[in-house]
Amino acid sequence: MRLFAKTIDVHAHCDLPCGVYDPAQARIEAESIKGIIGKLADNDDPDFRTRAILIKEQRSELVKHHLWVLWTDYFKPPHFEKYPQLHQLVNEATKLAGATGTKGSLDEAKADELLAKIDEIAKIFWETKQS
Amino acid sequence: MRLFAKTIDVHAHCDLPCGVYDPAQARIEAESIKGIIGKLADNDDPDFRTRAILIKEQRSELVKHHLWVLWTDYFKPPHFEKYPQLHQLVNEATKLAGATGTKGSLDEAKADELLAKIDEIAKIFWETKQS
Amino acid sequence: MRLFAKTIDVHAHCDLPCGVYDPAQARIEAESIKGIIGKLADNDDPDFRTRAILIKEQRSELVKHHLWVLWTDYFKPPHFEKYPQLHQLVNEATKLAGATGTKGSLDEAKADELLAKIDEIAKIFWETKQS
Amino acid sequence: MRLFAKTIDVHAHCDLPCGVYDPAQARIEAESIKGIIGKLADNDDPDFRTRAILIKEQRSELVKHHLWVLWTDYFKPPHFEKYPQLHQLVNEATKLAGATGTKGSLDEAKADELLAKIDEIAKIFWETKQS
Amino acid sequence: MRLFAKTIDVHAHCDLPCGVYDPAQARIEAESIKGIIGKLADNDDPDFRTRAILIKEQRSELVKHHLWVLWTDYFKPPHFEKYPQLHQLVNEATKLAGATGTKGSLDEAKADELLAKIDEIAKIFWETKQS
Amino acid sequence: MRLFAKTIDVHAHCDLPCGVYDPAQARIEAESIKGIIGKLADNDDPDFRTRAILIKEQRSELVKHHLWVLWTDYFKPPHFEKYPQLHQLVNEATKLAGATGTKGSLDEAKADELLAKIDEIAKIFWETKQS
């Protein structure tokens, strides 16, 4: 359970920029993908599967979009200097939400890999916010 | 500063449904609106203002959408019975993101009212998750 | 057959607001959903079914959107006072276009229920326009 | 005032196709454009004008889209044979919703011209539905 | 192989208008459709087929959109006078990307027909640019 | 003038994947941005400027999207090994289409810088297609 009062310090993104970003937006969609894959495992109804795959496709695209926004709009040259692995990390994370990842696969392990990569990016993100 | 390890229990929404919702999605966009209004106050460049108003319009629409999803997809009849104010609360919150709210206004107080309404909805949301 | 000259007094919606709304926009999409379900009943081709379910998903989302716009942008506090059932009515109608309604179901009866709810909302809408 | 019971025989479009079309969808948006232009005439607030022009742009694009759908998806070769002016009529109508029409202009006469063209198309549409 | 330096004189479209159009945008999507149909022929996995049909639907819609933009925004009355077949040509091309064309069919011949029509339109387009 | 017969070997992208990509898609939108900036320089009408800035915002977002697709979906680890500057190059190009680039600026030089970066990416792209 999440304590409400403590955790509503969420962050957003737009390209004004408003100056507010949060890797949680990517993670929200990745959690949803994991939930969808779980429901697919239990269900042989082809019409349900169609809906689930369609929605999984959309949610995976949203993961890619939110990560691209962080990579282009939030992270600046000093971040890439300090974290030389950051380019590759975001590239791998976005690939994990694509055809070779959660779009093309029904394997829950892919969703877990994606979540783990997003957490690595988030860890760097929050370190840069502290300094 | 947000402690990373503790707060990444975010929640999402889709209409499969994946079973994951989070009022944070609406709040993220409302925080962005507040940031945009703050930047508008300091800036007389008409071209910048055009961009800011355009983005504020989009972010306000996203607030409305995220709240509508909670109202229709997450909340069920027993919730509306237990919280008889819930219909009106969500209705007022979505109006606060519309023409008489953050779309039509540049007043930071409107953004604060919207944030407060979202927090009221979030409080109810998390109570229903606990029970 | 519809007599052309008599019925082209249609109404729209945007959030300027332009002041023009019409429940017909929701009904149009619900009629389409009913047509799609009818075509699904007669067709076992899995590729056709994929297309139909995909389009039914989009049309159902449009129904929800058009009803949400009426609920938030058109209806005002005096309407909710005069029609105390209005919140629940719109909530039920939007649920009927979601996972437990026309998105998740291939039952034509669901489309009929949705159409009936939209007609109830439209009846109230036109009463409020007359007074 | 529109008599509710008589007029809810609206029609929709999708590319399944569901077999339901209605020129009212284009007219709804054109009415909205006319309303927006009316509100622009009375208002010098640059921030309001930005919102109005943005929304007018979107509504004009919707007019174009709804007319394109009729032209491509509803009208068939026999219709174009019977109504040799139909290609040009739809082309002119869509141009009237573009840069040289309601997108680029604030002249209410442009909206009226657009509405008149849509009505010409609608007249043909309903004739083809009768035969 | 395309020689890079020679061919990057591409053209775009918007409704400002920026004055830049290019039939290549429609062809790009039609090539993609042909590729998707090729991959469908080799694959019986129903979940892959769902993804492919969903994406084919989107790409077909993009073909229609890009052709509609040329027809309404680029081509002017003198073009339609000089090329009296142009209306019908674009109409047939857009139908070939719809329910009776690449949306509803898995036949590669449909994609080839669509590509051929786009090339006919492109030929006229480039002739009008020269004169 | 572009010789029609020689250059229609365009390429597309989707995440099936269809296997077809082309940096021309990004360049098309960047050319459009440059055209828009040129028209803004000659025009003081605030309503025209609103339209132009709105469309420039959309076209810039499309540039970012097309480049992100290349970076995530087309380029593979061996490409990043062979071209160690590729991550930074794409990152800089997408930033040039954002708030510090063509979204936030009316300077034609920004559009030229963006075009030059896209050409650098395209050069690498076509080299990888040859090998």
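Letters A, B, C, D, E and F mark the chains as written, and numbering starts fresh at 1 in each.
Operating definition for what follows: a residue touches a chain if its C-beta (ideal position, glycine included) is under 8 Å from a C-beta of that chain, and two chains touch if they have at least 3 such contacts.
Since we're looking at a predicted model, the values are computed, not measured.
Engineer: Tell me which chains count as touching both chain E and chain F.
Structural biologist: A, D
Engineer: Quick check: more C-beta contact pairs in B-D or A-F?
Structural biologist: A-F
Engineer: Which of these, D-F, B-C or E-F, gives back the B-F interface, meaning over half of its contact pairs coincide by residue number?
Structural biologist: Interface equivalent to B-F: D-F.
Engineer: Which whole number of Å gives the spacing of the CA centres of chain B and chain E?
Structural biologist: Roughly 40 Å separates the two chain centres.
Engineer: Just give me the whole-number Å value for how far the CA centre of chain A lies from that of chain C.
Structural biologist: Each chain reduced to its C-alpha mean, chain A and chain C end up 33 Å apart.
Engineer: Two-or-more-chain contact residues of chain C, please, as numbers and ranges.
Structural biologist: Answer for chain C, listing residues that touch two or more other chains: 15-16, 46, 50-51, 54, 103.
Engineer: Show me, using the given definition of touch, all chain pairs that touch one another.
Structural biologist: A-B, A-C, A-E, A-F, B-C, B-D, B-F, C-D, C-E, D-E, D-F, E-F
Engineer: Can you check the complex and tell me which residues of chain C touch chain B?
Structural biologist: 15-17, 61, 64, 68, 71-73, 80, 87-88, 91, 94-95, 98-99, 103
Engineer: Taking the touch rule as given, give the residues of chain A at its contact with chain E in the complex, in rising order.
Structural biologist: Spelled out, the residues of chain A in touch with chain E are 46, 49-50, 53-54, 57, 103-104, 106.
Engineer: Sort out for me which residues of chain D touch chain C in the complex.
Structural biologist: That would be residues 1-2, 4, 7-16, 18-20, 22, 24-25, 27-29, 31-33, 35-36, 39, 51-52, 55, 58-59, 119, 122-123, 126, 129-130 of chain D.
Engineer: Across the complex, what residues on chain F touch chain D?
Structural biologist: Contacts found on chain F: 46-48, 50-51, 54.
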